[in-house]
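Going by the order they are written in, the chains are A, B and C; count residues from 1 in each one.
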């Protein structure tokens, strides 16, 4: 009996602390580190810490606090709930490395540490703007917004930058309904970086591609013969020019709807202009009429010079006419209406659509088709390819536009470039195949094929933002 | 006869299309309801769950040419946002879209008379910077648009102060960015220079012909919603009507009517294609038969 | 002269091309400010291009009128329209509506001339697509048949009426066939997107290669002439 009582007592003693555990505050978070967030422009500091034991069961909430002094007072800068805010959720900053797993992370803008009085002032400015904001010109005339508030409002941006550049102290406070525990403060300063490490795969790929292209240009310049497969649309070029000459009708050449610097697709205009130079040379040789209606005044001017030089190179400067490159209009449908009208009137024997096109592609190509012209469409505007397929005799798909210049001219620089592109494409195909197989293998057997995820992550990380 | 049919004067086709398009517009009918697709639901759900007072940036990147296709979705999204008491900052990257956008906003102020200019909505106007304007907005909004359409300092617009008192300084500060675009500059540039650089939440709409171009961005989660052409507008209108009924004025707009025209036209084109193939094969058979007879 | 026409543009192209590239990899305030400044210049230059376009248009058509070349009357209409648009825009301070929400003369110009003209041109696409489809979608080869079949399925599935008819068929077959949403979704989101990505990769490589040639000065054609 005594033994049983003793056992019961012992059990109670053991059980008591465990029952009272939830009522005690959580332990202070360990492994707290604060450091300048890598790969950002110096806007933030990253704070990481290990989760406290049983954070989910005890519904722990972490508060990230900040102060400009080690002794405080600390201000709340962010809140992270149990099971949320993991370091591996920010691969755009830290990659997908294993060491990032199971560590909490919060990204803090130190300008959060604005002194409370300044914050209150800012709040007042914003309220004043909100009340006073009405249309009517100069904001300085807005009633309720005095000079001091305006200056403060303008200086906030400047001040934020200064604040970000100073050292601050951070602590993590773990909170439950039973209390809280704070970690010792750690100091960190936000600053810019010299290289965004996450973009390493980008840089390597760029160097590889550019190196390959330059390498092959050098090889081609040394006189090595580089094979180029036949492109039917370009093989038909001579046929088109010959037909135009025979029929005594003009050849139309369009350089697309973009200027030289409209957007990232403007490079296709440059490609179209390069081909124009070669086409103009042949046209001049055959003594056929050429017309290049333009939608961009700069392109029109440059093409005028290019065609002039082409005629000179062909030994036919006398055949060059000033109205070969008319500028029509920048407006999409004004241009389209004018060119379709020109096509209907002059009934060209051949029309070439090189460059980037939008909705006008079908309007132009159908009109060209209706007058019986031989048509070659060459565009990297994939959304317009179906229309060229339907209305043109030959269509050059995407990159063939870039290959066209090399094909027509056989210049070493262009041929070398093309071979460099092929090298890049081969590499990308390889990466896609190996990447797809690796990702599948990792998904099917994480135990066996686990390390393969490094390969996938390497190429995935730069696009994680 | 077969040869003549094979080379049918295209003006007959034009006439059929004109009749098939005009009739459903003159005598509107509601044949079937349009099924809602996931990309459409993406935008609807986002706007439906954003808290009241959230500030949305809406870029109306098209001109009158595409208005018939894109205006229904523009109106549907704006109606939804204003009904949900969200605030909308509107802009355009197309010069031809300036007056068009002004007209749309005018219509919104009639439909939602409680809206206060510069507080519930603001129009920043046109920016000629194309993709550079978007890239600049990622850095600083007021430097890109120092003045709004009325010449007022953008920095002083009350709409650019969030509910928590913080100022909207760049693209990432908007709760949602929507671009309805008919080409470039448009959705693609918003993805590359806007979402890619700022990480902002982006949705958008485009003409039906370009929709496959943007689907890859939707799949890659660079956009959380995508509306395609007239059908996209009709889908959004259906969602709006199903959820809010008559609470939202004109919830069933021109998209729902237009999509019926689309049905008729699509079937007519299918008929043309089949007809053309029947004649083509008939003429081939005849040629083969006559060649055989000659042998 | 050669310096201004060749060497300076090539130097500037190299300088700005490399600067933007370096800024892309360097995340700090200085690089951010430099790339921001370049972007601002680009914005300004793009805006100047609009003015340049209008100026060139006036010069080209002005010359047509002065020399009374063929079709000079059309040039007169062009110049008249430009001047009318600019004058009305200035007169009405660029506003389409008055404070009382009434159309201004500029608004009238825009809504009753520009919009119908622009929309008419775009609307022509519907007619041209139909005639192109009639002519092009003939099953001459296996590839042409695939194109034709895809076009019909997408046209059928994208029309609400087609989707509705398919749904009836779907239920009639005891849900044993795929839904129209599945079929068109697979075509658009798998087949088409996969093909487009392939084209996009090729195009991007072409863009990179051409840009590289431009930046390092191997490509000079865009400056007018090859040499």
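Simple rule for what comes next: a residue touches a chain if its C-beta (ideal position, glycine included) is under 8 Å from a C-beta of that chain, and two chains touch if they have at least 3 such contacts.
Computed from a prediction, not measured in an experiment: that's the story for all the values here.
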| item | value |
| --- | --- |
| Graph class of chain-chain contacts, one of line, ring, star, complete, other | complete |
| Relative to chain C, chain with the most remote C-alpha centre | A |
| Chain centre separation in whole Å, for chain B relative to chain A (CA means) | 23 |
| Chain A and chain C, separation of their C-alpha mean positions in angstrom | 19 |
| Centroid spacing, where centroids are CA-atom means, of chain B and chain C in whole angstrom | 16 |
| For chain A, residues contacting two or more additional chains | 262, 264-265, 333, 359, 382 |
| Residues within chain B bordering two or more other chains | 10, 63, 65-66, 96, 130, 212-213 |
| Multi-partner residues of chain C (each touching 2 or more other chains) | 32, 42, 46, 50, 118, 121-122, 129, 131, 133, 135, 137, 196, 200 |
| Residues of chain C that touch chain A when the two form their complex | 24-32, 42, 45-46, 49-50, 52-53, 55-57, 60, 117-118, 121-122, 124-125, 128-129, 131-133, 135-137, 147, 196, 199-203, 205-214, 216, 218-219, 221-227 |
| In the complex, chain A residues that touch chain C | 39-42, 161, 191-196, 199, 202-203, 206, 209-210, 213-214, 217, 259-262, 264-265, 267-268, 270-271, 273-274, 277, 296-298, 300-302, 304-306, 308-309, 326-327, 329-330, 333, 336-337, 359, 362-363, 365-366, 369, 380, 382, 385, 387, 389-391, 397-399, 401-403, 413, 417-418, 420-421, 424-425, 428 |
| Parts of chain C lying in touch with chain B, wherever the complex brings them together | 32, 36, 39-40, 42-43, 46-47, 50, 96-97, 101, 107, 110-111, 114-115, 118-119, 121-123, 126-127, 129-131, 133-135, 137-140, 148, 151-152, 155-156, 158-164, 181, 185, 188-189, 192-193, 196-197, 200 |
| Sites on chain A touched by chain B in the complex | 122-123, 126-127, 129-139, 142, 145, 153, 156-157, 258, 262-265, 331-333, 358-359, 370, 382-383, 463, 465 |
| Sites on chain B touched by chain C in the complex | 8, 10, 13-14, 16-18, 21, 31-35, 37, 63-68, 95-96, 99-100, 102-103, 106, 110, 127-130, 132-133, 135-136, 139-140, 143-144, 208, 211-213, 215-216, 219, 231, 234, 259-260, 262-270, 272-277, 280-281 |
